[in-house]
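Both complexes shown next keep chain A, but they swap its partner, so chain B is in the first and chain C is in the second.
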Partner chain A sequence: MARALARHWGALVVFGAAALVPIVVRDAYFLDSLVLILLWGALSAAWNVAGGYAGQVSIGHASFFGIGAYSAALLGARWQQSPWLGMLVGIALSLAAGAAIGYLSNRLKGPYFALSTIAFSQVLLIVASRWRAFTSGSEGIPVPFRPGFATLGLGHVAWVYLALAVAVLYWGIQVWLEHSRFGYRLAGVREDEDAAQALGIPARRLKVIAVTASAALTSVCGTLWAQYVGFVDPFYVFSVDLSVRFALNTIIGGMGTALGPFLGSILITSLETYLRATLSGVKSGFTGIYLIVYGVVLILVVRFVPDGLAGVAGRLRARRARAHA
Partner chain B sequence: MSATALLSLERVTKRFGGLTAVREVSVEVRAGDLLGIIGPNGAGKTTLFNVIAGYYRADEGRVVFDGHDITGRPAHAIAGLGLTRTFQIVKPFGNLSVLDNVMIGALTRLASTREARAEAERVIAVCGLGPHAVARARALPLGLRKRLEVARALATRPRLLLLDEVMAGLNPTELGGMIDLVRRLHADGLTLVVIEHIMAAMMRLAQRIVMLHHGEKIAEGTPREIASDRRVIDAYLGEEFVLAEA
Partner chain C sequence: MDPARRLGRAQIDVFAQLGVSTILLGGIYALIAVGLTLIFGIMRVVNFAHGEFLMLGMYLGFWAFTLLSMDPWFVLFVSIPLFFGIGVLTYVLVMKGVIHASHNVQIFTTVGLSTALQNTALVLWSGDFHTVRPWHALRPIRMLGTAFNLSQVVAFVIALTLTVLLFAFMRFTHTGRVMRATAQDRDAAILMGIDTDRVYRITFALGIAAVGAAGVLVSPLYAVYPTAGLQFVLLSYVVVVLGGLGDMVGALIGSLIVAAVEVAGSYWFGTAWKEIFYFLLFIGVLVFRPAGLFGQRGAENLGV
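Up next, the complex of A and B:
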């Protein structure tokens, strides 16, 4: 127990702080940021399962996010169904789409795989924005707010804890990946597929499983996000920007580490919120400046801490261990 | 075909477009054998390994391992049956530690990571990698990466191990260590097929040697027979070798 605490002190600090915040802070704006930090963190963790642990870098994960968002929004708006049912439908659809994309990863490598995932999300964007009769097209769909847990009509504090629960769950899935037989073998596939196969590892199957699971996890958060924000806009939920965000958070935080996606989300989401708030009053030409800041942060991370923020923590710990030895 | 053959190749042919890389090669490996494969560059040695281990599909012929027809089966399934290989150009899991590398091999037979870790530590010790267990695989020098390649394959507890030039590029000390390791594994009952260019090592290790040339098997016999075979001398060894050995 003590060893587990020592190993996961970072997660304890991050998630512990998130759990304590709503008790002391009542500011809706601040709590809103916290919910988004946790949701983007969980989404990045979902991306990490494919991109970090399986080495299948997708820039089309908005596909699954959008599927989750639309499934719940459409079922809710058109048939008055519970968003939980929508979540299940989204999971089912994302499992199918994820398996298809995962299968693709056995045909296409590296950048070709990444490009094909972008293409997939663009196809979904076109469908969602053109199929007016069903999806309301580019107008988007307002998600009706009906108070209660069954309808996910929650207050800010409840949303913090719901997002936190999902975040901790996804973190736990990643920790499992680092310590389980499946996770070790998946790491082998990521590092070298041919060598993995020589050890009896069904590399292709493992990749498909990882990408499919990653898709389903992404979809769940897509549903939650749509219920939280209350509006689904096809140009947002299927955007490349969104896919890049999942990847970026994880790369900055540390690919293939359990806490990395959350550290990346904390940094990027708070930076974005701060910059948007500060610069929104300035001349409108400056509103996109946060993108430049993104770029600078990314360059600095890749240049100076290529294994991400979590990697820095690991290095400090190793240094301290050496000092003690 | 003898009843005790662990691996038998029956007239295996592999073509790449118009080039026949391996032509109608038949070889038998009995349990407990240490078979060497020699031949000039481009003779088809590694291609043959790739066909046996399931990385290439044979165009003609059959590969039978332990009674199973494994022709065209995927590599992981063949490894699961107990036939595994190393790679000439080593393929370590670069970002993982030596221990994790070998553990992933051990997890082929073991379900628990705890048992796999213990097994990996044992194999690492056997292969003389003990002091490097926590090092990142990509940080190792070539000699140790070759050892890691062997250790990882061993951890899967194979019954037949294909070693593809695990001695190439080693310094004399490392070479001696590797020869000792291969000998020990063979003495412990492992069946091995070894591709090697270093004839001195091959002469000391192999019980039988198969010589490939332009994809065809042109000779097979004991090291002594091979060393005095006219075709082998002309195609591969050269007169100097024969004089030096004499």
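Up next, the complex of A and C:
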């Protein structure tokens, strides 16, 4: 127990602080940022399962986010169904889509896999924005707000704890990936697929499972996000920018580490909130300036700290351990 | 009066029109894609920011026309050296440091570059759609039962000329040979005393100069806005993967195939759905023939 605490003290600090904040702070703006930090963190953790642990770097994960968002929004707006049902439908669709992509693009590596995932998200964007009769087309869908847990019409504090529960669950899944037989075998495939296969590890099957699971986890957060924000816009939920965001958080925090996606989300989401507050007076629009910073940060991070914050922390710890020895 | 009848007798032969459209469009796509495939073939980097350089070329065409009333055809004389310079600068500042890094690092470096450039354009010039209407965009050309505007035809001719010049450069000059040698075997090239850093610098700059020229050429044909590059770059990925990443002749043939799919798709299913066909084609090719339609099996693992 003490060992586990010592190993996961970072997660304890992050999630503990998130759990305590709503008790102390009642400011809606602050709580809103917190919900978004946790949701973006969980989404990045979902991306990390495929990108970080299995080495299948996707720039099309917005596909599954959009599937989750649309499933719940359409069922809610058209047939007055509960978003929880929409979440299940989203999971089912994402499992199918993730398995299909994972299986079909199995042989693809590096840039080819990234390209095929972009293409998939673009196909979904075209369908969602042009199939007006079913999806309302490019106008998007407003998600009706109906108070109550069954309809996910919650207050800010409840949203914090719901997002926190999802975040902790996803963190736990990643920790399991670091310590389980499945996770070790996946790491073997990521580091050297040929060697792993030679040892009898079913590399392809493991990669498909990782991409499929990652898709379903992403979809769950897509549903939650749509219910939280209350509007689904096809050009946002299927955008390449959004897919890059999941990856960026994870890369900044540290790919293939359990806490990395959350550290990255804290940094990037706070930066966004800060810039939005500072630059709101600038006429040419805050989004542009924010995204320029974001692009430059991405270039600098992959160049100079490719293993992210968690990687840097790990190296510092190793150095200190050596100094003590 | 019915506007179609005002044109007189039915002078447009549908199939001839579709055929010529395909060729005109294919020529322009080729110039966009050839830069992408050149950069991939030699540097083994997929440039996810390729579309943004096209967008910058379109803005150059737009501003030169709006502020200086300069015809896009003449802007080319400025744009080619200018974008060559931008290419060298981008290589030195951004690409040089990641050329030997892992694929993930390279992918996200160019993705970051793409985001930064796109939004720089948004901040500087806003998200409004702009159009360039020089006299030749309104001048119809009729031939063999088909009709086109002069901008399209000349853009095609110039694009084709530039592509052919690039081919000739690669085939017949010493620098071109050195570049091809580096593409074939990076280590052997270094052992032969080739300065690979210089090769990469020239490669990247040539690729950017080509796509910048394409941007200027298409500025009278398409709306100019900060994310205008996205549709073209997605399409040129399709072209390049169809032809085999790194294969320049393949890129030419791929351009024609994509143009044909687009032209036929918009004619029979409407322009709203045309993109879906080449994305489906793209996914099909990536899945079943990732080395391209004419590539050898396993070629996709080169440098992967």
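FYI, the second predicted complex is superposed on the first by the 321 of 325 C-alpha atoms of A that agree within 3 Å, B and C clash if a C-alpha of one lies under 4 Å from a C-alpha of the other, contacts with A are read in each partner's own complex, and residues count from 1 in each chain.
What we mean here is this: a residue touches a chain if its C-beta (ideal position, glycine included) is under 8 Å from a C-beta of that chain, and two chains touch if they have at least 3 such contacts.
Bear in mind the structure is a predicted one, so any value in this text is a computation, not a measurement.
Upon superposition of the two complexes on chain A, no clash is found between chain B and chain C, which fit side by side.
Aligning the two complexes via chain A yields an angle of 80° at the C-alpha centre of chain A, spanning the centres of chain B and chain C, rounded to a multiple of 10. After overlaying the two complexes on the shared chain, residue contacts for A:Leu115 are found with chain C alone; chain B is out of touch.
When the two structures are aligned on the shared chain, A:Ala203 is found in touch with chain B, with no touch to chain C. In the superposition on chain A, contact of A:Glu191 is made with chain B only, not with chain C.
Of the two partner chains, chain B is the only one that A:His179 touches; chain C does not reach it. When both complexes are overlaid on chain A, the residue A:Val244 reaches chain C alone and has no touch with chain B.
By the touch criterion defined above, A:Cys221 lies against neither chain B nor chain C after alignment on the C-alpha atoms of chain A.
By the touch criterion defined above, A:Ala313 lies against neither chain B nor chain C after alignment on the C-alpha atoms of chain A.
By the touch criterion defined above, A:Leu31 lies against neither chain B nor chain C after alignment on the C-alpha atoms of chain A. Of the two partner chains placed by the overlay, neither chain B nor chain C lies in contact with A:Ala73. Looking at the superposed arrangement, the partner reaching more residues of chain A, out of chain B and chain C, is C. Note on the superposed arrangement: chain B and chain C approach each other to a least C-alpha distance of 11 Å.
Residue overlap on chain A between its contacts with chain B in one complex and with chain C in the other: absent.
The residues of chain A lying in touch with chain C in their complex are 57, 59, 104-105, 107-112, 114-116, 118-120, 122-123, 126-127, 130, 240-241, 244, 247-248, 251, 255, 284-285, 287-292, 294-299, 302-303, 306.
Against chain A, the residues of chain C that register as touching in their complex are 46, 48, 94, 97-98, 101-109, 111-120, 122-124, 126-127, 230, 234, 237-238, 241, 272-273, 275-276, 279-280, 282-283, 286-287, 290, 300-301, 304. By the touch criterion given at the top, residues 53-55, 74-77, 79-80, 84-87, 91-96, 100, 103-105, 107-108, 111-113, 116, 152-153, 155-156 of chain B touch chain A in their complex. By the touch criterion stated above, chain A contacts chain B in their complex at residues 179-181, 184-185, 187-188, 191-192, 194-203.
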